[in-house]
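First chain A sits with chain B, and in the next complex the same chain sits with chain C.
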Partner chain A sequence: MDSFWNVLASAVGLVFAFDPDLMEIVGLSMQVTLSAVAIACLIGFPLGAIAGAFRFPGRTLLSIVLNALMGLPPVVVGLLVYLMLSASGPLGPLGLLYTPTAMIIAQTVLVTPIVAALTKQVVEDLYQEYGEQFTSLGVGPLDRVMALLWDARYSLLTVALAGFGRAVAEVGAVIIVGGNINHVTRVMTTTIALETSKGNLELALALGVILLAIAFAVNALVMTLRASAVRAAYA
Partner chain B sequence: MRNLVQDTASTPSISALPDTREVLLETRGLGFETNGHHLLTDIDLQIRRGSRTVIMGPNGAGKSLLLRLMHGLISPTHGDVLWRGHALNKTARKDQAMVFQRPVLLRRSARANLKFALGVRGEKGGKRNGLIQKALTAAGLSHLANRPARVLSGGEQQRLATVRALACQPDILFLDEPTASLDPASTAAIEQLILEANANGITIILVTHDTGQASRLGQELIFLQDGEIAEIGPAHGVLKIPQSAPARALRDGQLFVKN
Partner chain C sequence: MIRRTILIFIAATLLSTGVIHSAQAENPFIIVQSTTSTQNSGLFDDLLPKFTAKTGIDVRVVAVGTGQAIRNASNGDGDVLFVHSKPSEEKFVSDGLGVSRADVMYNDFVIVGPASDPAGVAGTKNVTEAFTKIASSKSIFASRGDDSGTHKAELRLWKSAGIDPSEASGTWYRETGSGMGATLNTGTGMGAYVMTDRATWTAFGNKGTHEIVVEGDPNMFNQYGVILVNPDAHPHVKADMAQRFIDWLLSPEGQTAIADYQLDGQQLFFPNAGSGPS
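Showing the complex of A and B:
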């Protein structure tokens, strides 16, 4: 127990020393995760809205696929993206393997189905309420999607948060396609895994503390926004 | 025109009236059936431009269903709905508007709700702002324009929904029990909006359970029972001297039970 408190103390010391290596890792983590979540929302919001608000052939299939993809094991995604990006793979010539871009791709693949599936549920509920009024007003398909997404905006914030949670905590896929290269593709989770195995617990724990703090802060922000939206009956 | 309709109290059906106004909406053998249940059967109606029609009948009689069919929100399983003599389609529906029993308002401000509806109808810029202002004034909501629509009171919400429908400048306005849960003042405000709209030439079809409202607003009255027209005729006549057993039961405040 004694050593735990010692390690924790050094870890907190590292955090507040704003160790440049540490900050670099945190910065890259945020860059990769936020990029992946942004792209996933760009694809997943409209895709989910379409699946939630329109009846078309293959709609049920789309839902099944999205739900199945939600539970994709990260290492499998990592492996598939690796195969695509490796020198002999179809995207090999782009030379993306072991770059932050590769990690963004892997996380986007992981997060997009989550965003799309949750968005579909949110939009479906809203559409129950709005559908006939939209038909009555003569709202066209594009306006429908835009209006539903806008009116679901506070719920979608929570959806994006779920995507963020999955991406930021993810280790299996990014370690495969990123390679965990120092100063290039080392992010919080992969560094924690590596440093723990090397016995460098202070750095690992320092990153763990920061990861937790970020998770808390982002959740608190979203909950606060939602609470004010609920007061205005906008959520 | 109004008097013409009311002076023929004993005439049994609207179509028999010597009314020269254009038939705006017509149903022919209209029916709706699901899982072998006939929810609406053989509805023949002619709705003339500028008229005010009230639909009454007990819960589950098919009043809302009839409105939704006439507005083209659902397709009939039998018969046709004709709009100016042609099959009702998406384009024709743009000449119609509907106020639902529970107002469906977007999660936006009162003003943004109007802006959205007018935007859908292709109104932009200054003209749209003018129409929004006019609608807010008509609803008595100018001071609440920037409030979230869904924190407004029930009466304010229904007024907003009504002026939103009217802002779309429809030829016909369907209203499904618009004042069912409102206090007398809010009810009067909605009735005022309806009568003003009608004075401006908008045809009105209104569902209500309130005989007072039916006599205040109705020229023609359709009494529905079990998905069929039990009685149809000039409103004050049907309300005063109902010919059919279900309508009599309503007047006498009894539950009509078919034997």
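Showing the complex of A and C:
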């Protein structure tokens, strides 16, 4: 147990040393993950709502595909995005490989199916209640989607957090497309992988504790916002 | 409330993206595809700031196994290749993907093993003899198994010992398919012998009871070479800046910087530009 307490102590020590390198790494982690989750929500919320609220040919297939893609292995996504962005790939001229943008793209691909599939479930359940009303009031398709998403907003926060959890913990994709370049594309998870490979297991675990604390803080913040918004809504 | 929060959140995200991008745009940069040993040993952390201070060129290092580094460079995803597997490097150049290859520095491979030394190889100077003893005693040996420079060198040594370890794969011969560090973590965990470059081992923080058991065989020589990725094959290669980096590495100044890098009072890499054995 000695090493466990050492790890906790060094994690706390790292945080309060305000090491500029660590701050930069944490900042980039948050920037990449939050950007990816934001984009995934912009795509996944409407996509999930459409899949949940309308009957159309291929709807079941779409649901199956979305659910299956929730299990996408990060390394596979990393390789796909690498092949797209590589200088020899179709998007090579954009010069995005080994940049934070490449990492955001990879994480967006990973997270969007999760957001879309969970949104579909939430909206589908809500539609059971709202469907007849919509029909009797003659509500148009766009308004239906907007109304469903708005009334599901508290559940969708949890959906976004599920996406955040996937993205913030992910290393396989970002290390391939980002390259783990010091001061450019090094994030928390790739640093943990690097320190593990150097045999600095305690430092790696201490960084892991910090990552966990950040994830905890983000979840706490969102849930607090949600709780106060719910109170405000019913006050 | 929620809508405003989301808007603020999106705005902040986009803003932070812009800020970080502009912060990075200060220096021109080149990308070097290299190996984990040069990064994990701390050499690059020591070397690159000296080059950047002199030239204002940032060097972005992607540290992967030699096999992957060569593949990435073949795709044009890098300006310089800095690895340690001479046959693969020469093939890279003869395939027209690299301009020319130059020796930069060397160190050596060592075999590390548990203090209990089940194969009784400690102190052996001859790697062929050591591999024969490990195989005949079926002592656990953890191999990189990842097509890296170290892995290729290890396979050459098994071959020269007349042993085909792949037949024992999964029994005493265990291919981790991972980087040097991960393989060392596995090896120390399962009490296995591991072949590693000396620099990575010296810098490694999780040695456990493992120590160097075999060293000093000339066959365990480990040469590093540097290659400019061919701009004829990949026109976007920043040939001018990349060539400056290569010239600096091979210059007396760069060579001295390599020799000066020490860890725990030990020199890890030995410069030999222009004088390496061919």
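In this text, the second predicted complex is superposed on the first by the 207 of 235 C-alpha atoms of A that agree within 3 Å, B and C clash if a C-alpha of one lies under 4 Å from a C-alpha of the other, contacts with A are read in each partner's own complex, and residues count from 1 in each chain.
Rule of thumb we're sticking to: a residue touches a chain if its C-beta (ideal position, glycine included) is under 8 Å from a C-beta of that chain, and two chains touch if they have at least 3 such contacts.
Everything quoted here is computed from the prediction, not taken from an experiment.
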Once the shared chain is lined up, is A:135 touching chain B (first), chain C (second), both, or neither of them? first
Examine A:197 and indicate which partner it touches, taking first as chain B and second as chain C; both and neither are also allowed. second
So, does A:181 touch the first partner chain B, the second partner chain C, both, or neither? second
Comparing the two partners chain B and chain C, which touches a greater set of residues in chain A: C
Identify the partner contact of A:92: answer first if only chain B is touched, second if only chain C is, both if each is, neither if none is. second
Check whether A:234 is in contact with chain B, with chain C, with both or with neither, and answer first, second, both or neither. first
Kindly classify A:147 by the partners it touches after superposition: chain B alone (first), chain C alone (second), both, or neither? first
What is the contact status of A:27 with respect to chain B (first) and chain C (second): first, second, both, or neither? second
Looking at A:43 after the superposition, I want to know if it touches chain B, chain C, both of them or none. Which is it: first, second, both, neither? neither
Can A:80 be said to touch chain B (first), chain C (second), both, or neither? neither
Pick out the shared contact residues on chain A: the ones touching chain B in one complex and chain C in the other. 232
Any idea which chain C residues touch chain A in the complex? 1-2, 5, 9-10, 13-14, 16-17, 20-21, 24, 31, 36, 39-40, 45, 60-63, 72, 75-77, 179-182, 184-185, 203-207, 234, 236
So in the complex, the part of chain A that touches chain C is made up of which residues? 27-28, 30-31, 34-35, 38, 86-89, 92-93, 95, 97-98, 100, 153, 157, 179-182, 184, 194, 196-201, 203, 225, 228-229, 232
Chain A residues touching chain B - in the complex, by the definition given at the top: 129-130, 132-133, 135-140, 143, 147, 150-151, 232-235
Along chain B, where are the residues that touch chain A in the complex? 68, 71-73, 90, 93-94, 96-98, 100, 104, 106-108, 116-117, 119-121, 148-151, 168
